[in-house]
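Both complexes shown next keep chain A, but they swap its partner, so chain B is in the first and chain C is in the second.
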Partner chain A sequence: MSAPAQIEDYAPSLATRRLSRLRQWDLIGLAITLATVIVATLWAFPLYWALVTTFKPEYEVVRPGVQLWPEHFTLENYAHVLLQTKIGIWYLNSLITSAAVTILVVIMAAGAGYAISQLQFPGRQLFWWMILASFMVPIPALIVTHFLVLSQLHLINTLPGVVGPQLIAPVTVIIYKQFFDSVPKDFREAAVIDGASEFQLLFRIYLPMNWGVTTALAIITFIGAWNLFLWPFLAVSSEDMMNITVGITQVHDAFGVQYARDLAVAMLAALPVAIVYLVFQRQVTQAIMLSAGIKG
Partner chain B sequence: MAPFVVVYGVLFVYPTVRMVQLSFTNAPLIGPGQWVGFNNFLRLWSDRLFNTAIWNTAYFVVLSVIPSTILAMVVALGVNRLKGWAQSVVLAAFFLPYILPVSVVFSIWSWMFDKDFGIAQYAVAPLNGGEHLSIFRTIPLFMPAVAFITVWWLLGFNVLLFIAGLRNISSEIYEAAGLDGASRWAQFTRITWPLIWPVTVLVFTINFILQLKIFDQVYLFANGGRVAPTMVMVQYIYVTAFQQNHGGLADAAALVLFVLIVVLSVLQYQLLRARGER
Partner chain C sequence: MSASTIGRNGGAPHVELRRVTKRYGAVTAISDLSLTVEKGSFTALLGPSGCGKSTLLRMIAGLEQITAGQCFIDNQDVTDVPPAQRRIAMVFQSYALYPHMTVRQNIAFSLSVAGAPRKVQDERALEVARILQLEPYLDRRPAELSGGQRQRVAIGRALVRKPEVFLFDEPLSNLDAKLRVQMRLELAKLHADLGTTMIYVTHDQTEAMTLADRIVVLDKGIISQVGSPLDLYNAPANKFVASFIGSPSMNVFGVDVAGVKDGRATVVLPGGGKALVRVGAASADARAVELGVRPEHLSIVDPQDASAALGGVVALIERLGNSTLLYVDTPAGQLIVEGEGNLEAKTGVSVGLNISEAHAHLFGAAGATL
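Here is the complex of A and B:
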């Protein structure tokens, strides 16, 4: 964009012609940019509208007309849901199960990825095909048998029962395998000469070398686990074992049309993932690229 | 390694095998059943509810995947022109909904569309002769509305993939085209479009498979109303197994969904790739 100014100094006639063309070009460009910004605003509006509603007293919420800012700013809705609902327990449940899923998935996927990538054992190829195949199986098709298996293990309505089926994460294994494949063999050979065991190799060399991938995968696994609805909804029936995502729907039923409170719960439920995203934007992007098969 | 094999065995291989096996029995949700051969599949074939579920799923896939892919490409082209912090902010506006849990999305949009106080009624009511309308209780509007919300929810993911694709195109190509006097439209049709075709295929396929498994939104928005007319496939599995206690029949439906997803995704991928190589 700074080019025309330079040209103008020594070639005025050419520059003016260039400039008029550039101006025309820019008009279209400006229109496109403007449209993008307008659409982005529209896109974010429901989020803003929901958030601002939570700070309004109920009588303002149901008043006709569009009020972009509360007349009486209040935290009463948040106070109410924090004190009067089981949101604390749901939060804790979500936190425990999501953290457990994240840790277990990362460790198991790293282990499996390492084994497939670096170890020679009978059935290795079969194992790899199995993981690739499981990529195809839709998890929602397994809800019935998952329920069956977990009830045989007496895990229905428990937190481990919520965690269980989420441990199937073939994509994570595939990504780890690819990254471990690209670690130069020299490291491995040098460490083996020094008498390192396979565990040491994995945890001292292979994982630390791919620390960036691990954080990215851990973050996206956490967000996914926090947001999951179908399985926690099926596996749990007592209010004390519910995740926040399932718990919200209970509040909805209990409150009827108390929208400000209902949305306050929703905003609280969204808070952790929103924070995680805003803090780790780059890693989230990277993880999404990785799981979509685009090297980020 | 060993725990992984055990977990995989118990939670993946066994359930999958069991699903196939149980789909040939009349088992309840929990407990043994008798071998009934292909009866479950015959029953599904003639079950009106299952047929509704298949058609609704297909309808939903069409309503959500195609607009989502096209819109994501347009938005990505727009966002990609921006620089620096402006790009980050605009991208975040599109991406933030994607990281929300589905039940939060449900809360936000039931408020937006609420019959009495929803802000969207200002747009809906004039189209309905001035009357407020309960969108999610009006059967013909249900699927389009849920698809619209789904597009709103998941668009950011697709935009991100398209932007990654656009960034991979070297700016030298555009500079060369600019010197040759190629118009903006020509630059898009001759350079951008062919080069992001692989990403388009990817986005389309990912969304297609994802939306075949639609359940959460449809269940939440239909809850408390008439469920049957807007039934989708995973919901059929859920209702059959968990509310009617027909485990075998539900597994048969699950197997149909499974096979459908595998066949369609392979087929679609081949088709799209073939077109791209033309």
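Here is the complex of A and C:
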């Protein structure tokens, strides 16, 4: 009966090895979890700090030392921002310009992507190369040119002036083109035989078949337009035409900068984007991955 | 045959291709081809992959530009007419059903893009759904349908347009064997009910033989033969058609012509045996020829029998129930013999093969039937 004895001898050592391997995995898992928690805390701390600060009176904010929780909880900063500033108009301006940018970018990019992907016309290849080349030029490098053009068109200090340069969205065109390329040509041909026009093909076949991409691109475009600061800051000097991001800079009084108030308006400015992100998290992630794929 | 002008006598031509050529750069897919399709006929375009059958269908549909030549539908030159105005409807291999639309919307799509009132769209969709037994599925999306139901929706989408000509591009290829047989019957019934001209592309000779009343066999962009299924089976114009039509394929092997007399050639088979084959007048001085005989036209006899033209050894037996296939190794190579379902045979046994004179074919050096 030597064989069973050997098995018995061997069995505990196998079990021990498995256990130690599990422990080893657990340790690695624990280390990764800890590292993640630390990084997440480091990342989230400024947000927490900003949020907590908005509920502090200004004298607590400027007091030396780190104070993780308000000594005197107050909503005075929010009250000031909501009642004493033009935040309502800034919100509205942001909403109008961001919605306009989103709708126009999606329609124009889908149209351009469809044309490059599906239509045969002279200069199609050149057009495509130009779009590819254009997204290699950083937008801030063109900002002076944009300002001059819009100034000559008398669009400075207007909402269309804020929207205009944001309509340059080559990445969106490229993403649409790639998705339209992947639609099997049978769909197009079946619709062509059925008498569909190019517009009907785009709006009734290609766009609905790529609805997920459109949703993702629309959300990310909206968030980008809402968060944009540099161009709206340059294009607008009138307080009534400002976006929320630019409006933040206007929250001061005779006593100078009040940090708690500034942070309160920043929180309010970020709120819609945070809500959009939370609601459409999956689509936003998809859009970021799509754009990352293009940008390589 | 530089210009393959083939049509059946009698019926009115409904679709006509006149000397059409299709080139893709330096590659010629269709070469100087002419074809007429009669009104109300069911014509199959049959051939192996890459023979140009789908290209031909797409040229009729207007989805491919014709490089040279003309296309007529109902005596109207439609060579430069857009697909939507050709009064044709096409069923694609992939069905091309719009995944975001319901069955009803898919069927009514052509009416919808034409701006037909919603009521008309619904009525026509319902009418078509009734014909194709799709009524219970009208509000489902394609993803919720089986392969056969999707196929029916694709046909329904074609049907709703009330076209002059139906074009089918390998519509049953994506179905399993059982469903394919069922859909074949439904298509045949549909054709019988509607009487509309149908042109059907397939690489499956069984589909072509069972559905079509006329088959156009294509090879490398030219027409090899046009005829009824039995014409092609019994009197193939060349070796390509003879080999392509029929399952299992015709046995073809090299023979020597010993002499031709009174329309009958005496051929010397590999192994020294002789056989008589009926031939046309053109074969009098042919030397390098091949003999073609279908598996069911070879019969097993005693190796010593006087009627045994070839001798061989049974290498493999396949029992299909209604018939038995014997793979016999002979001096002419391995030949397939089709016998009765209950044929008694054993592997490794020597047998003699008798060739039915009435059904043997002789092919010349270029492959044409002599």
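Just so we're on the same page, the second predicted complex is superposed on the first by the 254 of 296 C-alpha atoms of A that agree within 3 Å, B and C clash if a C-alpha of one lies under 4 Å from a C-alpha of the other, contacts with A are read in each partner's own complex, and residues count from 1 in each chain.
In this text, a residue touches a chain if its C-beta (ideal position, glycine included) is under 8 Å from a C-beta of that chain, and two chains touch if they have at least 3 such contacts.
In this text, all values refer to a predicted model and were calculated from it rather than measured experimentally.
Engineer: After lining both complexes up on chain A, report clash or fit for chain B versus chain C.
Structural biologist: fit
Engineer: Angle chain B-chain A-chain C between C-alpha centres, in steps of 10 degrees?
Structural biologist: 110
Engineer: Looking at the overlay, does A:Val162 come into contact with chain B only (first), chain C only (second), both, or neither?
Structural biologist: neither
Engineer: What is the contact status of A:Asp262 with respect to chain B (first) and chain C (second): first, second, both, or neither?
Structural biologist: It touches chain B, and chain C stays clear.
Engineer: Quick one: classify A:Met241 as touching chain B (first), chain C (second), both or neither.
Structural biologist: neither
Engineer: Go through the superposed model and pick first if A:Gly29 touches only chain B, second if only chain C, both, or neither.
Structural biologist: In the superposition, A:Gly29 touches chain B alone.
Engineer: Under the stated touch criterion, name the partner, chain B or chain C, that contacts more residues in chain A.
Structural biologist: Larger number of chain A residues touched: B.
Engineer: If we overlay the two complexes on their shared chain A, which of chain B and chain C does A:Ala40 touch? Say first, second, both or neither.
Structural biologist: first
Engineer: For A:Ile193, decide between first (touching chain B), second (touching chain C), both and neither.
Structural biologist: second
Engineer: What is the minimum C-alpha distance, in Å, between chain B and chain C after the two complexes are superposed on chain A?
Structural biologist: Least C-alpha distance after superposition: 20 Å.
Engineer: Both chain B and chain C contact which residues of chain A?
Structural biologist: Common interface on chain A, chain B vs chain C: nothing in common.
Engineer: Per the contact definition, I'd like the list of chain A residues that touch chain C in the complex.
Structural biologist: 184, 186-187, 189-197, 200, 204-205, 208-209, 211
Engineer: Could you list, by residue number, the parts of chain B that touch chain A in their complex?
Structural biologist: So the residues of chain B in touch with chain A come to 1, 3-5, 7-8, 10-16, 18-19, 22, 29-30, 75, 77-79, 81-82, 88-90, 92-97, 99-104, 106-112, 114, 116-117, 119, 122, 152, 155, 157, 160-161, 164-165, 184, 199, 202, 206, 209, 212-213, 215-216, 220, 223, 234, 237-238, 241-242, 247, 250-251, 254-255, 257-258, 261-262, 265.
Engineer: Within the complex, which stretch of chain C touches chain A?
Structural biologist: 61-63, 82-85, 88-90, 92-94, 96, 98-100, 109-110, 113-114, 157, 161
Engineer: Under the definition above, what is the set of chain A residues touching chain B in their complex?
Structural biologist: 25, 28-29, 32-33, 35-37, 39-41, 43-44, 46-47, 49-50, 53, 61-62, 64, 66, 108-109, 111-112, 114-115, 119, 127, 130, 134, 136-149, 151, 164-165, 167-168, 223, 226-227, 229-230, 234, 244-246, 248-249, 252, 257, 259, 262-263, 265-267, 269-270, 273-274, 276-278, 281, 284-285, 288-289, 292-294, 296
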